[in-house]
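Please find the structures below.
In the two complexes that follow, subunit A is the common piece, with subunit B as its partner first and subunit C second.
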Partner chain A sequence: MSTAAYKFKIVMLGDFAVGKTSLVKRFVYDAFDDMYLTTLGVKVTKKEIHIEDNGNRVEVMLLLWDIGGHGRFSEISMNYLKGAGGAIIVSDLSNADTMKHIQDHISLFHEINPGGKFFVALNKADLVDAGKSGSDYIKKYLDHPASCPDDVVFLTSAKTGNNVETLFHTMAVQMMREKQ
Partner chain B sequence: MSAVNEVISSRFGIYSLVLGKNLTFQNVPVDLLDYLGVESSMARSEISELFPEVVGLEPDIMEIISGLLEKFLLGYVNRIPEREIFFNLHVYPYEINKNAIVVIEDVTESGMSLRHVQQRRNELFLANMELLHRDEFISTLLNTMTNPVFYKDERGRYLGCNTAFAAFVGMEQHEIIGKTDHDMMFPGIVSLHREDDKDLLVSGGERHYESVVKNCRGEERYVIVSRAAFPAVGGSTGGIVGVMADITERKEMEDRLAKSEESLRDRNAVMENDLRLARKTLSALIDETPPDIPGCSIAVRYQPLEEVGGDYFSIVPLGEMGAAVFLCDITGHGVTAALFLSLIKYFSERIFFTCSNDPGGYLFRMNNELHGYIASYFITGLYGVLDLGTIKKFRFSAGAHPLPVILRKNGKAEFAGESGIVIGFVANATYPENEVRIFSGDMVFLYTDGIPETRNKQDRIVGFEEELLSLFERGRRSTIEDTLDAVMKSLGEYRGDVPYDDDIILLGFEIY
Partner chain C sequence: MENEEMNAGTGLIRKSTLLDNPVLRHFVKKHRLNDIEALVLGALLELTDQMKTPIKTTYRAIADGVELATMSVYQSIESLHRNRIIEYKPTGDYVHISFGEIDDSIEEINLAYINARKIKRIESDILYMKKQNYVPSADLFDMIYPIIGKLVAKKIADALRSLVNYIDERLDDVLSMKMWKYRVMAFRTKVPLGEIILRESLPFYIDEIFLLDKKSSLLLGHASRNGEEKVDRDLVGGMLAAINDFIKTSFKAEKSSIDEIQFGNSKVMVTEHVYFFGALVAKGSPPLEFDNRIEGVMNDIHILYRRQLKNFSGNMEDVAGIEKPLERLIEDTNRVPGTGANGGRSLGKVKWAAALLACILAVFLTWGMYCRVMNWQLEKRIADHMERSLPAYSHDLVFNVDGKELAVTGTVSSRETAEALMREVKKFPDIQEVDNRAVVADYRSVRRFRTELEGLAEQMTGLQLALVKQELEKIVIQFPTGVMAVDNAQLLQVRRAWEILKQHPRIHIDIIAFNDPAGGVAVNRRLAEGRMAAVKQSFVRLGMSGERIHVTDFDPEILSADPRFTQFRENRGIMMFAKIPH
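For the complex of A and B:
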């Protein structure tokens, strides 16, 4: 039985093969493998983290909903998105199409969870130009870059682990603050 | 419930539970706990504890319990890494407003099977995406090229082309695919088509040729077409790929250059003619045949560098007294030098009337006549009087000119006198008069700097000192003509293959 003070359902959204499962695996198990396996149905992974809050140690349970990436959004059962406190929209920096779909995933998430907290993980950052910032990519690929402010965009690499811990931790802290 | 439970549980891989309206299980069977990979302490637990996959879906389940919803399904729940299992989670109403029945249907086998199918499908999708990206990359490369590119199959049908080729023929890229040259309406295509296409397909290799092709606007363009046969997968010839390079601008420039060259040739011919005329004029100015002077024998060697040289001399008999000689070297060569020389000849003849016996005065006046006349044109020169009276002597003045060499009868050579400054450079410059005694059997040599400045392969010059004197000493022969020949021969040997870079005048006077 969990004794966590807070429990949040976070859904991982994004196109097929962008690295949603790899991000979860890196965050929860600090592991990464190159073997590609399609996520089928729903896989929920629990991760308990500790947050320092005004000198107190607060335990937060994250339920990471990893659902299969699909070519069409309609294939995602709306059931999966219900009750999600937040979403991580994952895209592949080396694949322009997945970058262009970020806006669609945000819209889908907000359709079921209006006002829900979301973060954007621009994944596979190890494969692209290190000189660019997240906002550079957002401005390039999103029709409405203003809908995606700098503080919710993270350049991540499930392969190297870069920024993965920070992304999930930042998200947990912000969701906890909103609950308080 | 128990009867139902028995029936359902009797089937392998299906578990059932009763869910109370507080969304809590009362008694979860041990075999289900084991199946789900959770601890036995979870036998009494909330549904979201046992099945975290339903977090957020509690309202739907409450609707099942209250009878508002007939069925709830969460398919292909994947328990990894705790257990490598897939199950469907069914929730049905049971005893309206009291509870629900939860059925866990193990679908691991079909899940794994489905995963494999999806895995294969996704691998194919990724491979296809990679191919598309590669194709897109190649198309981008081709379309970035400014040269028209096309490729045809072995039957001459266009397989594709880049945007530059499409623009050239005035068609869309997709319209070109599948067409042959003869299907294309643009006027220049026939020029691109070559009868040796068949040879190329049979023998392989490549062909390059220039052609004039009309583009879609009917404009004639000069192009270089390079075509090569490319292989098919099986190794046979797949077709022909061609690249056109539009060289119209280059051709036009070549035409302009050719015309310019022709114009330059014409102008050059005029200039050469001018030079010939100048040469003839100069020939008239310089009398290379020395006069007969009693008491001495005179020899001349005149070797102008170009068709028109920059050196000048004149020897004028002075009756019984002997002769006057004027020798000069002006800066530069060619037509301008010739014109300048004609001016010098004019001045020298005018001055001669009043200063024929006064070398210093002669150069003084020559200097003042020339000073400021043509900027940047100066001369070095020497005017002398060969006095062959009872006491033979050579009186002269020099303006920055190489000093005379006196080759004595005993074979020893020496320089005579001293020189003043360049003539025509400073107004009222004075030139000291030198006088040197000469005797029967002596030879007097006057020359321009082409002799001491003769350069050899080691980039050394003869110089104005001992080596120059030695040149004359070694060249001494019984007559002045033979002596000058010997000196010029020695000079040629010293020079070797190095070409002359200055005019040469060498005057020799043999005293009887």
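For the complex of A and C:
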């Protein structure tokens, strides 16, 4: 069994084909560690990272639940959200519909895990114009942009790896500090 | 030449034995024919069309056919004839050869017929099956059973035999200690004893235990039997939780979680608790009270970690040590009784210790008895010797031997007798130490002293009695008019008397009641008798023996004449008078 000091469950939410699995694969080097049950619609992956906490090096284990699906949440999928310490809501910058659904995913996650930490990964940043920032996109597509502050939004690319490590690392640090 | 012939011949022989001819094989085996004879016989069988047709030929022709020397052929035919396998009759250059009726039952041919019949039956069954599009399972079973039924039955019997042996071995180890436990269990649970024994004896192993947080499905603790896991247990735990959720949600299960998942010989047993659930991966059938054991372990974990698990934050330090009860459960459950396990080992040790102790005790007892017997024999020898050696009527001695030590007690009549005693004792080399406590005493003086002492004792007793009498007569237990019961005032007097009487256990008392004349004799008698009985009862309650208390008859005339009662004429009460019964 792992010797990590902390264990967190993080769920990957988002529409179909936005890059949830790609982000996880990019983040997790050891691909053999993932187990996928297509019938059950969930893939669980594990990654252990070290983070600095007040000068101490702390080992944190992240269990990433990549919930598959077809864009709609089933009752089964919602069960998988329970007990998650955090969520990464992924959208595809090149697909406006997926951007519009970010709010729905945030609401659903908070409904099941009130007080849970979430981050937004605006993925496939390599396909769009580099001139805009994350908050620009949030203001453009979300009805309530205030629900999504700037510090939780990341422009990521699973293809290039841009901001992927930072995203998960930041999430882990935030979750650990919140639990302490 | 001969060798070449042999080599050539054996080459053909090998060829001949490869021929599928059961008759030839039968004769070769039965008559132990050598290779050349077998070759010749094989050739003759061919020539006679398998014994059907007699032939007329020459030795040379046969020899050419089998590539052997003519003489060898001749000798072989002679041998076959002697063994009554063939009939032969030489006529000039020719020889007539025929086979007679064979009386032998050729096993191979019989088997072949039997198999042929079987095959015929199977063939007809298979043909039937081929014609049918659908064969009802019962009919199919009837067709197949003759072929495979025996095989299946044999395999089952072998498996059952192995199981029985296994159970016997297990029971041998634990039977004496646990059988009563099983009986109690059977009585309590109403499950047949045999079933309990079987369940308790069959192997049951826990391979792994997962402890998962109910909310987050994070793995809180894990323990395994052998520690070899190919897949990360955190992931496995997560997937178990996912499966549990899937089942719960998909099938709207009434219970909040699944109980068991079976796969092959293994199963995953899921047990749900308030803040976590446990998943046990196990093999075999669990013992009867295993559910209670699991429940106990889960309860213990809940008690220890309730606060931390209620809102588990992911901090693993909060649940440090949570796997310890799981490891203990695996260790306790997977312990095989009698094979290096504590129960079996300690039982074995107890048996050895008990046996050793019994042996030691037996040795000690035997040694003790032996020594006792030896001592007694020596005592007897010494006593007999002294009887013979010392002057008659000069001693009254007791000898006690304890190993090499002799203790002498009693009396001897004179100092000379005492010295003679010591001299005689030295004649026993077994005695190395003597504790001589024999007293030199003149018997007549002793007798006289004893008599005087007895007289003195009597005088002392008389004196004591007089003193006690005097004291007791001072104690008068008075009663109010018409009252028989002993109250505090009377009890006080009784206690005073008892304090005196308990110092002199030989002294008895007569209790006498006195009354004033009022009321009449009958009334006074009744009152007197009641009071005497009450006083006696009080003495008995204080601890005095009832045999020491003598109740006298109430006689007012004697009382009035007795000067001791003069002063009590107008009173009612009890007086006590001491005596020593003869």
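As a convention for this text, the second predicted complex is superposed on the first by the 165 of 180 C-alpha atoms of A that agree within 3 Å, B and C clash if a C-alpha of one lies under 4 Å from a C-alpha of the other, contacts with A are read in each partner's own complex, and residues count from 1 in each chain.
Operating definition for what follows: a contact is a pair of C-beta atoms (placed from the backbone, for glycine too) under 8 Å apart; a residue touches a chain by one contact, two chains touch by 3 or more.
What you see is a predicted model; the values in this text were computed from it and never measured.
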item	value
Touched partner set for A:63, first subunit B, second subunit C, both or neither	both
Touched partner set for A:146, first subunit B, second subunit C, both or neither	neither
First, second, both or neither for A:16, with subunit B first and subunit C second	first
Contact breadth on subunit A, by residue count: subunit C or subunit B	C
Touched partner set for A:44, first subunit B, second subunit C, both or neither	both
First (subunit B), second (subunit C), both or neither touched by A:7	both
Which of subunit B and subunit C A:130 touches, first, second, both or neither	neither
First (subunit B), second (subunit C), both or neither touched by A:83	both
Partner chain in contact with A:175 - subunit B first, subunit C second, else both or neither	second
Contact residues common to both interfaces of subunit A (with subunit B and with subunit C)	1-2, 7, 9, 37, 39-40, 42, 44, 46, 63, 65, 79, 82-84
Sites on subunit C touched by subunit A in the complex	213-219, 221-222, 231-236, 238-239, 242-243, 245-246, 248-250, 313-317, 323
Complex contacts: residues of subunit A adjacent to subunit C	1-2, 4-9, 33-35, 37, 39-40, 42, 44-46, 61, 63, 65, 75-76, 79-80, 82-85, 175-176, 179-180
Residues of subunit A touching subunit B in the complex	1-2, 7, 9, 16-17, 29, 36-44, 46, 63, 65, 68, 79, 82-84, 95
Complex contact set, residues of subunit B against subunit A	41-42, 45, 49, 52-53, 55-60, 74-81, 86, 111, 114-115, 118-119, 122-123, 125-126, 129
